[in-house]
Amino acid sequence: MALMPDLLAQFLQMALVLVLAPLLTGFVRKLKARLLRRRGPSLTQPYRDLLRLLRKEVVLAENASWLFRAAPYLIFATTWVAAALVPTFATGLLYSWSADLIVIIALLGSARFLLALAGLDVGTSFGGIGSSREVMIASLAEPAMLLIAFTVALIAGSTQLSTVAAFMGSPDVGLRVSLGMAAIALVMVAIAENARIPVDNPATHLELTMVHEAMVLEYSGRHLAMIEFASHLKLLLYVSLIACLFAPWGLAEPGAGRGAMAAGVAAWLGKLAAGGALLAAFETATAKMRVFRVPEFLGAALMLGLLATLLMFVSKSL
Amino acid sequence: MIGRAALLLFGVAALLAVGLLGGALRGRPAGRRLVYGMTVVLCGSMAAAALGQLLDAPAAASVAWLPLGLPWQGAHFRLDALSAFFCFVVGVGGAAASLFAIGYGRHETAPGRVLPFYPLFLAAMNLVVLADDAFSFLFSWELMSLSSWALVMAHHQERDNAHAGYVYLVMASFGTLALLLGFGLLAAAGDYTFDAMRGAEHAPSTTLLVLALALLGAGSKAGIVPLHAWLPLAHPAAPSHVSALMSGVMTKVAVYGFIRIAFELGGEPQWASGFLVLLVGGITAVLGVLYALIQHDLKRLLAYHTVENIGIIFIGLGLALAFQSNGLPAAAALALTAALFHVLNHSVFKSLLFFGAGAVLAATGERDMERLGGLIHRMPKTAFAFLAGCIAISALPPLNGFVSEWLTFQAILQSPELPQWALKIMVPAVGAMLALSAALAAACFVKAYGISFLGRPRSDAARQARETDRFSLAAMFGLSGICLAAGILPGFVIDALAPAMQALLGARMPLQAGVDWLSIVPVAAGRSSYNGWLVFAFIALSASLAVLIIHRFASHARRRAPAWDCGSPDPDPATQYTAGSFAQPIRRVYGTWIFAAREVVEMPAPGSVAPARHREILRDLVWDRLYAPVAGAVEYASERLNVLQFLTIRRYLTLVFLALVTLLLVLAIWP
Amino acid sequence: MDRLAFDIAHLLAGGLVLASFMMLYQDRLYALLNIFALHALVLAASVAWQAWIQEAPHLFVTAGIAFVFKGIVIPIALHRMIQRLGMHREIETVIGVGPTMLAGMGLVALSVAVMLQVTEGADPLAREDLAFALAVVLLGLLMMVTRRNAVSQVVGFMSLENGLVLAAAGAKGMPLVVEISVAFSILIAFIVIGIFLFRIRERFDTVDVQALDRHRGERQ
Amino acid sequence: MSALPDIAVRAVLLVPLGFAALLAALPDYRLTARLNVLAALATLAAALALLAGGRPEPGPYLAVDDLNIVFIVLGALVGFTTSLFSAGYIQHELDTGRLTPGYLRFYHAMYQALMFAMNLALVANNIGLMWVAIELATLTTVLMVGIYRTHEALEAAWKYFILGSVGIALALFGTILVYMAAHPVVGPGRDAMVWSVLIRHAAEFDPSLLNLAFIFLLLGYGTKVGLAPLHAWLPDAHAEGPTPISAVLSGLLLNVALYAVLRFKLLLAANPGALAPGPLMVAMGLVSLVFAAFMLYRRRDIKRLFAYSSIEHMGIVAFAFGMGGPLANFAGLLHMVLHSLTKSAIFFAVGHVAQVKGTQKIADIGGLTTSHPWLGWGLVIGVAAIAGLPPLGIFMTEFLIVTSTFTRQPLLAVLFVLGLLVALGALFLRLNSVAFGPVRGSVEPARASYLPLYLHLVLVLAAGIYLPPPLVAWFTHVAAILG
C-alpha cells in the first residue's frame, strides 16, 4: 500500500532530528571555541554528556513532586513532536498535515509551560527567578512568533508548513519587504527561545544572569538529560524552521523517490551547518545584555512582526 | 409530542420548585444534598434535551407560549440551534457546579442564603436563553442578576462583600436599562416579540445604535473593559460553586444576548459595528490578562482572567460581524464558530478552575496565593485537575483552549479580503493583541499554579491542607475530561455548531465528520488543518517511549536529598519566589502605565535592624478614571441638592410661588 | 345703571388690590392687622355689591362671614395673641419694602396680562373681577413669602383667601357649595392655626418660623 | 337592578363616617383598634360590591366610573391592611408611652375620617365637593402627623399645614376658574360644577380660562401629590407622623390628589384649543424623579428615605400619564397601584423595624436579615420591588414606560432611565447597611403581624408574573379613557 513509504519517511525524519540535534549543538560549541582560539570539546561531546547523565542516578529534592519528575519526559516529547512537524528534508510528510505552524509554536509553548512549572516545583529562589524571567521573555517572544506566522501564512495563503515551504520555493514569491522583516524577527525570536547570547548564556552558571539554566538547576541524571536533549532539539527545530521558510531549496516533493530524499537530506545538512556557523559567529561577536534590556530586544521583534503583518494586510488589497 | 422548549420550561419550573424547597430545608444537611442532587439531575437532563435538539432537529426551532408576563402578549419561548447550544452550556456548567456543591456545600456557613437562590439563578439563566420576546428576555435577565446578587451577598458579613454586591447590582441594572433602551428602539412598532423584530427592517443608524446599546448592556454583564470593574469584585465574593457559575456560565449568557441582538434582531450588521466590537474585544483581552497577572487572590485572578476570555470571544464576534457585513458568510461562520467554541471551552475550564480554587479555599481557608504553596503534595488529585484546567486555559495543545484560539487565528487570516481600511489596520492589531494575551495567559497560569500548588507551603494552613471530598473531585475530573475530549476531537463540536451558523449567517463551516483521520479543516486542507488526537497520541507515545527506554536500558536509580539551590539552600519557605515577585518582571515591562504601578522600597540604613520593605501599589485605572468621577458627580449633585431639605417654610413657599409665577408667565406669553 | 354697577364693582375690587398693597407696605404687626381688617371690610363691601347686582341673596351671607370673621374676630384675636406673646417689635421683612412693592406691581401686571387672554365671551365684569382676584391672591402669596413672622404669614394667607372669595363672588351664579367651602376653610384655618400658634407658644417661646426650622429632621 | 350599587356607594361613604363618630366616642382603645379594622373591612367589602355590582347612575354629587373605581378599591384595600398593621403598631406605641389612650381615640376617629374624606373625594361628581373632600383629608392628616407633639412632629405638621393650605387655596382658585369657563356654556348654577356635565361640554369652553385653571389645579393638587418643587411637606410628614399614617399618605392620599389632577387633565384634553397638559406633567414628573433620586443619597432617617422614594414614584406616574398613549397610561395606572401596595408594605416593615430598634436613624440599624429575618427579607423584597427589579410588578410598568417613550422622546427616555438608575443606586446603598452587614441595634424579636406586609408583597409579585385578563381589560379601558 502507498501508506508505507510515507510512514517510513516520517519515521526517518523523527529519527534524523533525534540523531542530529546533539550534533548541531556540539558543532556550534566547537565552532565558538575555535573562533575564540580554543580547541573546544569534540563534536560528539553532547552525545557523551547525554549518555553519562542517563546512566547517573537521579537526585531529587525532598519536596519534588510527580510533576517535577514527569516534566522532563513531556518536555522532550512535545519538543520532539514539534521538531518532527517541521519539513526538514521533505515536504508533505504524512504527519505534517496533522498540525501547522501555529500548532508548532503552541507545542513549544507547552514545553515552556511545563519547564517553568518545574522550575517552581522545588520552591527555591533560583527556580523562581528562572521561571518568572522565562515567562516574561516568552510573553513577548510568542506573540512575535505568531505574527511572523501570520506574515508567512498571508504570503503563502496557508499556515501549513509544507504548503508554505513549497510556495516559498516557487518563483512567484518575489522579493517582499515584509518577508525580510519576518526573517529578521524570526532570527531574533529564535535566539531568545534557545537561550542564546545576547538574551541568555547557555554556558553560564552565574546565578543572577541565567534564565534557562536557573530553571533546570534542580535537575540531575536522566531528567537533566531529557531536558538537555529537548533544548538540543529546539535549536535544531528553529534552524530547520528558518531554513524551510527562507531557504526552502532542495526539499523533496511529496511522494518523491529515494534520490530526491537523499538530496533533500544533504541540502538540509548543509543548511544546518550554515545556520550553526552563523549562530556561533554571532554569539562570539555580541555580549549578553541585562535581563531588563531583553524586553526591548523582543519588543523590537514583536514590532517587526506586527509591521510585516500590517504590510501584508495592506498589500493584499493592492 | 411535547416540544423540547416546553420540556426545558418544565425543567425551569422544577428548578424554581427546588428553590422553594431549599428555602424550606435550609440549615439541614439533608436539604443541601437534596437541593444540589436535584439540581444536578435537572441541569443534566436539560443539557441532554438541549443537546438532543442541537443534534437531531437542528433546523426546526421548538417554540412554547405561556400566558404570563406582559399582558396581551404573553411570554414567548423558542429553542433554536443557538439557544440550544447555550442551554447546553448552561446545563453542563450547572450540573457540574451542583455536583461540586454537594460536597463543597458542607463548608457553607449560611446555607439559608444560598439554597433558595441557587436554583433560582440556574432557572433564570435558562430562561434568558429560552426567551423569545423582549419582556421575558429582560425579565429573566434581571432576575438572573438579582438572584446572583443575593448569592454574592450570601457572605455579607465578610469585608468588602457588601460593597462588591452593591457595585454588581448597580452595574447589572445599568446593563439592563441599556438593553431596555435597545429593545425600545427595536420594538418601535410596539410588538415586543423577537419574531416581529426579526421581520422588521431597521435603518443602519438604528442598527448601529442598537449594537452600541447591546454592547453596553450585554457587555457590562459579560465584563468587557471598561465595564468590567464589578466582575473581579463580585465573582470571588460568592461561594465558589456560584463563582464558577457566574464566571463560567453567566458571562456566556450575556454573550448569548449580544449574539442574539447583534446578529439576528438588530438588522443587517454594519462593518463599523464589527470594528467597534473588535476594538473592545482586543483591549478587553489584553487588559484582562494583565490585570489577572498581578492579582494575588486566587479567585480574583480567575475572575480577571474571565475578562480576558470574554475579550477573546468578542474578538471572534467582531470578526464575524465584519465578515458578515462584507458578504463573506463562510469566513463569518468560521469566526463565529471559533467564538462559540471558546464559549463552551471557557465555561468548562473556568468552572473547573473555580472549583479548584474553592477546594483550596475549603481545605486551607486561604484565597491569598502568598499564603499557599506545596498543595500538590497534600491535594494531589485537586492539583492534577487544576493543572489540566491551567493547560487548557493557557491555550496549549492538546487541550480544548488551544483549538478555539487556533480557529480564531485562522479567522483572522481570512480577513485580508475585507475592503475597509479601518478593518485592515484593526484586524492585524487585534491579532497581535490576541497573541499577546495568549502568551500572557500562559504566564498568568504558571504563576497561579506554580505559586499555589508547587513549591513549599507558605503558611500552616497550607501545611495542614487535606484532599477534598469525592463529589468535588468528581466534578473537577468530569470537566477535565470534557477539556480533553473537546481538545482532541474538536470536529464534532464544530459540526454541532453548524446549524447555529446556518441560522444566523446563512453559511456554515465545511463538514468535519468526513475529514479523514478526524482532523479539522477550517477552510481547505491546503490552507490549514489540525488533528488534536494525533498530536496527543504522538506526545503520549513518545513520552512513554522515552520513559520505557530509559528505565529499561539506562538507570532508574533515585535518591532524595535536600534541594541544591546553587549550593545555598534555605529552609525558610519565605525565600521562595512569591506571587508578587513572580509577576514583577512582567509588571515592569507592561505595568507602569497600565496599572500605574508604583513600587515603594524602604531600605533601612546600614546597621539598622529595621526590616527592608518592598510594597507595590497597583490601581485599576478604569476605576479611577471612569467610576470614581461618576460616583463623585452623583455625590456632588446630591450634596448640592440636599440643601433643599433644610430650607425654611418661607423658602418652600417661595418655591411654590416662583413655580406659580413661572407657569403664569408661560401662559401670558403663550401664543 | 349697568354701567354704574360695573364701575362700582370695579372700584371695590381695585380697592381690595390697593389694600393688599398697603399690607405689603406695612412693617408693624398692629398696623398690619388693622389694614387686614380694612381688607376684609372692602371684601365684604365688594361681595355685598356683587350680591346686590347679581340678585344673589346668598352672597350676602358670604359678605357677612367676611365682615364678621375676617373683619372683626380674627384681627382682635391676633391682636390679643400678639400682646400675649409680647411681640410688638417690627416685622423683619426679608427684602425691603421697596422691592416688595415693585414685585407686587409686576404681579398685578402679570395677572392682568393673563386675564387679557380670556376671550370677550366671558362677561367683562367677571374678567375684571378675576384679574383683581388673581392679583390679590398673588399679593397674598407674596406677603407670605416675604415675611418671617408666623402671624404675618397667617395674615398673608387670609388675604389670599380674600382674593378667592372675591373671585367666587364674581363668578355669577356659583352654587352655595363654594361659599360654604370658603367659610369652611376660613373656619378650619382659623381654628387650626389658633391651635398651632397656641402649641407653638407653649413649645417655643417665639412664633418665628425659623425657630421651627431649627427642629427639622436630619440635622444631627 | 341598581339598588345594590347605590347602597354600595353610600356604604363606602357612610361606614367610615359613622365609625369615625363612634370611635371618637368610645374610650377603650383595644376595642377601638378592633372596630377600626372592622370598619376598614366593611369599607373594603362595600368597595368590592361596588366593583362587582355595576355602576350607579351618576348623580349631581356622586358618580362612580371606571376611573375612580380603581382608586376606591385600592384605597379600601390598603386602608384595611394598614388598619391591621396599625392595630399592632399602636399597641407598641402605648407600651413605650409615646401615645396615650386619649390620643388613640382621636387617632382612630381621625383614621376613619380620613378614609371618609378620601372616598368622598373619589366618588365626588362635583368639583367643588371634590375640593372640600381633599381639603378635609389634608386637615385630618395634618392633625395625625402632629400627634406625637415632639418638636419635629409639630414642625412637620406646621409645614404640611401651611404648604397644604396654600395648595388648597390655589386649587380652589382653579376650581372657580373652571366654573367661570363652564358657566357661559352650561349656564349658571350647579351643573357648571358637575363633572359629568363638564366633560360633555368641555370642547366649547374658553381655552385660555381652562389653561389658567389647569395651572392652578396642577400646582394646588400637585402640592398634595408631592411633585417637586411642591414636595417640601412630604418627607417630614412621612418621617415624623405615626408609621400607619405614613403608609396611608404614600399609599392613598398621594393617589387621590393625583386622581384630581387626572380628572382636570381629561377636561383639558377634551378641549382642542387648550394647551396640552401632557408636557407640564412630564416636566414636573421628570424633575421630581431626578430630584428625588439624588435626594435619596443623603438620607439618614429611614422613613424619610422612603418618603423621597414616594416623590420619585409619583414623578414616574406623572411622567407616564403626561406621556399619554395606551401603553404609557396603562403603565401609569399599574405603577400607581403597585407603588401604593409596595410602598405601604415597606412602611409596614420599616415601622416594625423602627419600633424594634427604637430608632429611625439608618446608621443605628444594621444586619436585619440576620437579626430579624422576616422583617429584613420583607424589606429587601420591598426595596427590590420599588427599585423596579423583577420578578416584582414595577419592573413591568417601567419596561412599558421606557419602551413606549423611547420611540417618541428618546432624550426624555434616557433621562428617565438615568433617574431610575440613580435612585436604585441610592436605595441599595442604604439597604446594604440596613439589611446586611454586621447587626446594629437591638436584636429582641419583633412582635409584629407579617400578614399585611407579605400580603402586599405577594400581590406585587403576582402582578409581575401574571396579570388576570379581566384586570388587564379593565385597565386598558381606563387607559383609553385617559387618552
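A, B, C and D are the chain letters, set down in written order, and residue numbers restart from 1 in every chain.
Simple rule for what comes next: a contact is a pair of C-beta atoms (placed from the backbone, for glycine too) under 8 Å apart; a residue touches a chain by one contact, two chains touch by 3 or more.
The structure presented is a predicted model; accordingly, all values stated were derived computationally and were not measured.
Visitor: By that same contact rule, can you tell me which chains touch chain A and chain B alike?
Guide: Per touch definition, common to chain A and chain B: zero chains.
Visitor: Which neighbours do chain C and chain D have in common?
Guide: The shared contacts of chain C and chain D, listed by label, come to B.
Visitor: Any idea which two chains share the most contacting C-beta pairs?
Guide: Pair with the most C-beta pairs in contact: A-B.
Visitor: What's the chain with its C-alpha centre farthest out from chain B?
Guide: C
Visitor: For chain A and chain D, let me know how many angstrom lie between their CA-based centres, rounded off.
Guide: 78
Visitor: CA centre of chain A versus CA centre of chain C: separation in Å?
Guide: 100
Visitor: Starting from the mean Cα coordinates of chain B and chain C, work out the distance between those two points in Å.
Guide: 69
Visitor: Please compute the C-alpha centroid of chain B, do the same for chain D, then give the distance between them in whole Å.
Guide: A distance of 44 Å separates the two centres.
Visitor: By the touch rule stated above, which residues of chain B touch at least two different other chains?
Guide: Only 645, 647, 649, 653, 656, 660, 664, 667, 670 qualify.
Visitor: Could you list the positions in chain A whose residues touch two or more of the other chains?
Guide: none
Visitor: Identify all positions of chain D at which a residue touches two or more other chains, and write them in rising order.
Guide: 158-159, 162, 166, 170, 208, 212, 298
Visitor: Which of the chains are touching one another, listed as pairs?
Guide: A-B, B-C, B-D, C-D
Visitor: In their complex, what parts of chain D are in touch with chain B?
Guide: 158-159, 162-163, 166-167, 170, 208, 211-212, 215-216, 218-219, 223, 229-230, 232-233, 235, 275, 280, 291, 294-298, 327, 369-370, 384, 387, 389-391, 395-396, 399-400, 402-407, 413-414, 417, 420-422, 424-426, 428-429, 432-433, 436-438, 465-467, 469, 472, 476
Visitor: Within the complex, which stretch of chain A touches chain B?
Guide: Result: residues 54-63, 65-67, 73-74, 76-78, 80-81, 84, 95, 97-100, 102-103, 106-107, 109-110, 112-113, 116-117, 119-129, 131-133, 135-136, 138-143, 146-147, 150, 153-154, 157-160, 163, 205, 207, 217-218, 221-222, 226, 291-292, 295, 302, 305-306, 309-310, 312-314, 316-317 of chain A touch chain B.
Visitor: Residues of chain B touching chain A in their complex?
Guide: 373-374, 376-377, 380, 383, 387, 391, 394-397, 402, 406, 409-410, 412-413, 415-417, 419, 424-425, 427-429, 431-432, 435-436, 438-440, 442-443, 445-447, 449-451, 454-456, 517, 519, 525-531, 534-535, 538-540, 542-543, 546-547, 550, 554-566, 569-570, 573, 575-577, 581-586, 588-589
Visitor: Please give the residue numbers of chain B that touch chain C in the complex, ascending.
Guide: 645-650, 653-654, 656-657, 660-661, 664-665, 667-668, 670
Visitor: Show me the residue ranges of chain C that touch chain B in the complex, using the header's touch definition.
Guide: These residues of chain C touch chain B: 94, 107, 110-111, 113-114, 117, 138, 141-142, 144-145, 147-148, 153, 209-210, 212-213, 216, 218-219.
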